[in-house]
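Below, each structure is written out as structure tokens.
After this come two complexes, each holding subunit A, first together with subunit B and then together with subunit C.
And then the complex of A and B:
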């Protein structure tokens, strides 16, 4: 986003860019090969899950290691609803609402605890979730899992299933990202930020840290549920393996790699979650864990603020390179150049975390 | 700074977008992905055929998962070195294996399946895992993509009506439980049996197969029945309970390796020494029985349909010698296989070769027809008394198993109980 910040400052250019991106997204599935669509669909699924995680961890600073539980819950609710012939809108609302209610109940208790204790409570969710999913076999299909197909393209659309799924995922993902963006740019976003930085300061400003944490946690769970709905749209199957604890850690890694406390970073995180296994499979399928670990370390080492900070780092490097040869005669170039990226950086922080007029 | 004017910026973006859109439209899908003008299915040419394996190559199930790739690669590596397979349509083709790691994650196995479709793979085979195979079963059916000889005991894959493009390879859980039940029922003595099973379809499958087999046997009585969760870290309480029942036979339908070792040790500690039955995937002599101190029991029984390379009885068997050298040379697996999946997937290779020989045209349809018509094939490494039979609806390719008894080093066929 920040690469085009000079253009973005221009209002009509921004509108034009939005329109172009929207048209590109709508046209893309018709032009791309099936596998590209299927990959984009999965990116959408996990981008929404990472977005939820980002709200509670990146923005509000509360450790949440249980996000995959809400994804799995949303997926199971969707599978149950679809197999019982509910209307698909009802299914979607139920997937979000049930995940949100469970998240709210957990948060009401967990948010009273400070720091690492919240992490412990959230670890418990997927650990309890897996055996629970195996036990409640009348709802979940037991350890064999449950299939539910609702995302095949209807005949009247004339589309392939992967294109149809793309549009379902695009709709939900775009809505989730736009809503989350307005949320973190508004007063709740400011409240999240204050609670993350200092709870005492937040309380003195009239922002209840407890309520803010519960809110962030609940929103994360709702987004987790929405991601679960999308998971079923994309995979059409879920099993207890879906909500295993390891995936929660992978989601966390994806969020950090994408960029904690950044909306765009969530999308990058989702892309990372999907692309890296595909990439490592192409390198050598026997060493996927090894190469995934190596990629993780390299990214964190070079870009500790996540991939979203890449343009900023490139610009900083570029500035250093252009600044060095002319360092003998700074007044000519440096004053003209220096403040701009600095301002852009500041501007980025503002847009990402707080409001913009 | 202000060189870029409004219209220029907007125009530039629109221009860029249209360039991107135009270049992307070059890769619009052609038809439904059917390649070749001669009506051949994707993934098969006049000289080669490509098979895909999605299986766990990392994570907790990586050991058996790696074996599934190694066995098939070993088999076809040797076949390719000898020139290839002569197909039923008269052409000789070499077999290429593409492997994909799914880490036992259903979502990843579906992604791998989609990758296979885009990589022009002819058929998926040998992949390990029930959830991972189930995750792309529907997609494979709608793509008319064979997903055959997969390593799962889930009966769904062998139901031809529900799974027209699938076929399981290994015996379903019920087959194994029933084999042991039959052996026990044929015994002349009275036996009291204690059952411990994993509380899911795995454990239930074993127990229902076993109970079905002893239904009419008056000499067998079930005196204790307990379950545990696959996530449990200890079954000490269940063992103590079952020990007090005084059973002399212990049927332990357990799929978790460390738990099986712990159970073998615990029962000794509390002085309960029955004969054991263990499922085929948790009965490895080196990985489970030795650390568990199994020599202390009067008998450890398991079922198998593959010759065990570790067993002294098969050390000089020509099949085993050939298998081990090919596994080393072509399968990238230099050690003695620690999991039966290496042998199983080697047999998968032999079964596929048989189907290739019988398929009359280079299509997936013809392949499925040929695959479903194999009967009485004694694949290499198979124990005598077992064979490949793909013709029975509802049964996997291998449904016959032989009960074996542990002899301190490996397994030997058990003719009767005791």
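And then the complex of A and C:
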């Protein structure tokens, strides 16, 4: 890939880097203070949700304003499962699977509509979800919310809870990112991309736009469910507020800021989602929303492809300063059609010439 | 295996507008057929019917004996049909290689779970198709452009990339929609040579919609002339160009005839 710096292209350097990052991530919670661990945990939680949003929106181009619904669904399923004494692996699988099945059903209907209709259906999800979560108090604890403690560190581990939670989140987040990265690099990444760019071309390449959209939406929902599981691991409590529509928009902003159509951008998006409210609160709590909007505009104005494009932009600026581009774009010739009579005459003349010995 | 194509009484209506009326013709395997006619004759509409982007109002379209009228384009692609578009439809921010690789989609095995888990066979298939795509590009003299973003190349090269993308799917039936539109004289000559080479090397049936009569004469074994949504005649390119009905359709009746 042209965006990867030369260092990363070298195989052994890449392996070395991976090992270093892995060791750093495993050692980090043991060395960092509890607050830093909690912050990193929350970044992981939201990075997974942003990752899902990125698959369906960044890669496949389908507007999804309901991702938080699946996060909330995953959180509620997790709370329900934990409180009913399910095995934690079963809880995790259920959180992903139920969110995925609901996502699949919604997508089967919504992807038929296409375009903005998908956006409208996805808006409906959190809007319906919040009152539904309040109503179904048998499962959700109603407006009070529901708490479930399963992520306290077990005694044998000798860890503090924040460290234990860090490892749970690290495990799930790393798996989600590695799987998503593999998926978008080959066959399916190209299929997502062509569905985003041009559905007619997609179809003529044997990529069914409908099935591809349903696939992307379902993956996003599964990742939303996984994010909900992690949310509960980190916060140990969920309420209807978890899946309110405003959070969905924040997730969307985080995805765009991080970098739409970028796996690394999703991680940055998760960090943005967690850090920016902290930052703006620190500046002046009464202007939180205003300063968040300002940051959003500044980033989009300077880096329309998101924060993940920063190294690329810097490199491009550097290159522009050192060397003039050697080859510009050749002027684009419009695919102009000859007026009909001319074409015919030209054609007739052509054959006459060719027919002559 | 080259495909045969057979159209019987294909009609296409958009509301009251009759775009195609009772169009019938057969294409034998391995033939290059030219589809010509004045602007608005319905050539591209007929193309879209064959490739599944439009559903004919009535009639029958069979590819190698299989009825395909109303099949989704993505299904037709799996039956061995590939096409290019009148206006090159590439992913401009992706590399040339990635654009071409898209043509290999139907040849790559495995579902999303296998690809997400990077099962060994998916990696092998991806490497093989990548090598094949690079070879196609090298063969076409475009090896240097493989890693460039597509939007850095000219219109002529875009048309070429579309062609290689279509060919990577190993089609049995290839539809080329105005492959020479907007190309320079030299590029058209190159295109003619390329299509001749493809036909010589592969077992493939090709249908070309084109205004460029030089290209039609140079490449096609037979032509079908459309006018106002009807088949005007079928024959060789030379026959078509001397047929008075065809000349009339293109440049109108001689004013002397009108006076007479």
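Couple of notes before you dig in:
Operating definition for what follows: the second predicted complex is superposed on the first by the 315 of 357 C-alpha atoms of A that agree within 3 Å, B and C clash if a C-alpha of one lies under 4 Å from a C-alpha of the other, contacts with A are read in each partner's own complex, and residues count from 1 in each chain.
Going forward, a contact is a pair of C-beta atoms (placed from the backbone, for glycine too) under 8 Å apart; a residue touches a chain by one contact, two chains touch by 3 or more.
None of the values given here were measured: they were computed from a predicted structure.
Of the two partner chains, subunit C is the only one touched by A:180; subunit B is not. By the touch criterion stated above, A:231 is placed in contact with subunit B alone, subunit C being left untouched. Of the two partner chains placed around the shared chain by superposition, neither subunit B nor subunit C is touched by A:89. Applying the stated contact rule after C-alpha superposition, one finds that A:116 touches neither subunit B nor subunit C. With both structures placed on the common chain, the touch criterion links A:143 to subunit B but leaves subunit C unconnected. By the touch criterion stated above, A:34 is placed in contact with subunit B alone, subunit C being left untouched. Shared interface residues of subunit A (contacting subunit B in one complex, subunit C in the other): 340. Across the interface of their complex, subunit B is touched by residues 6-7, 10, 12-13, 16-17, 20, 23-24, 27-28, 30-35, 38-39, 42, 127, 130-131, 134-135, 142-145, 147, 149, 152, 160-161, 231, 234-242, 244, 246-247, 274, 277-278, 280-281, 285-286, 288-289, 340 of subunit A.
Contacts from subunit B toward subunit A in the complex involve residues 1, 4, 6, 9-10, 13-14, 17, 20-21, 24-25, 27-29, 33, 57-59, 66, 69, 99-101, 103-108, 110-112, 114-115, 117-118, 130-132, 134-135, 137-139, 142, 154, 156, 199-202, 229-231, 332.
Those residues of subunit A lying in contact with subunit C across their complex are 2, 179-180, 182-183, 186-188, 190-191, 193-194, 197-198, 200-209, 211, 215, 219, 329-330, 332-338, 340-341, 343-348, 350-351, 354-355. Contact residues on subunit C toward subunit A in their complex (touch as defined above): 38-39, 51-53, 72-74, 76-78, 81-83, 85-89, 91, 94-95, 98, 101-103, 105-106, 108, 110, 112, 115-118, 122, 126, 147, 149, 151-156, 165, 169, 178, 181-182, 184, 211-214, 216-217, 237-238, 241-242, 247, 250-252.
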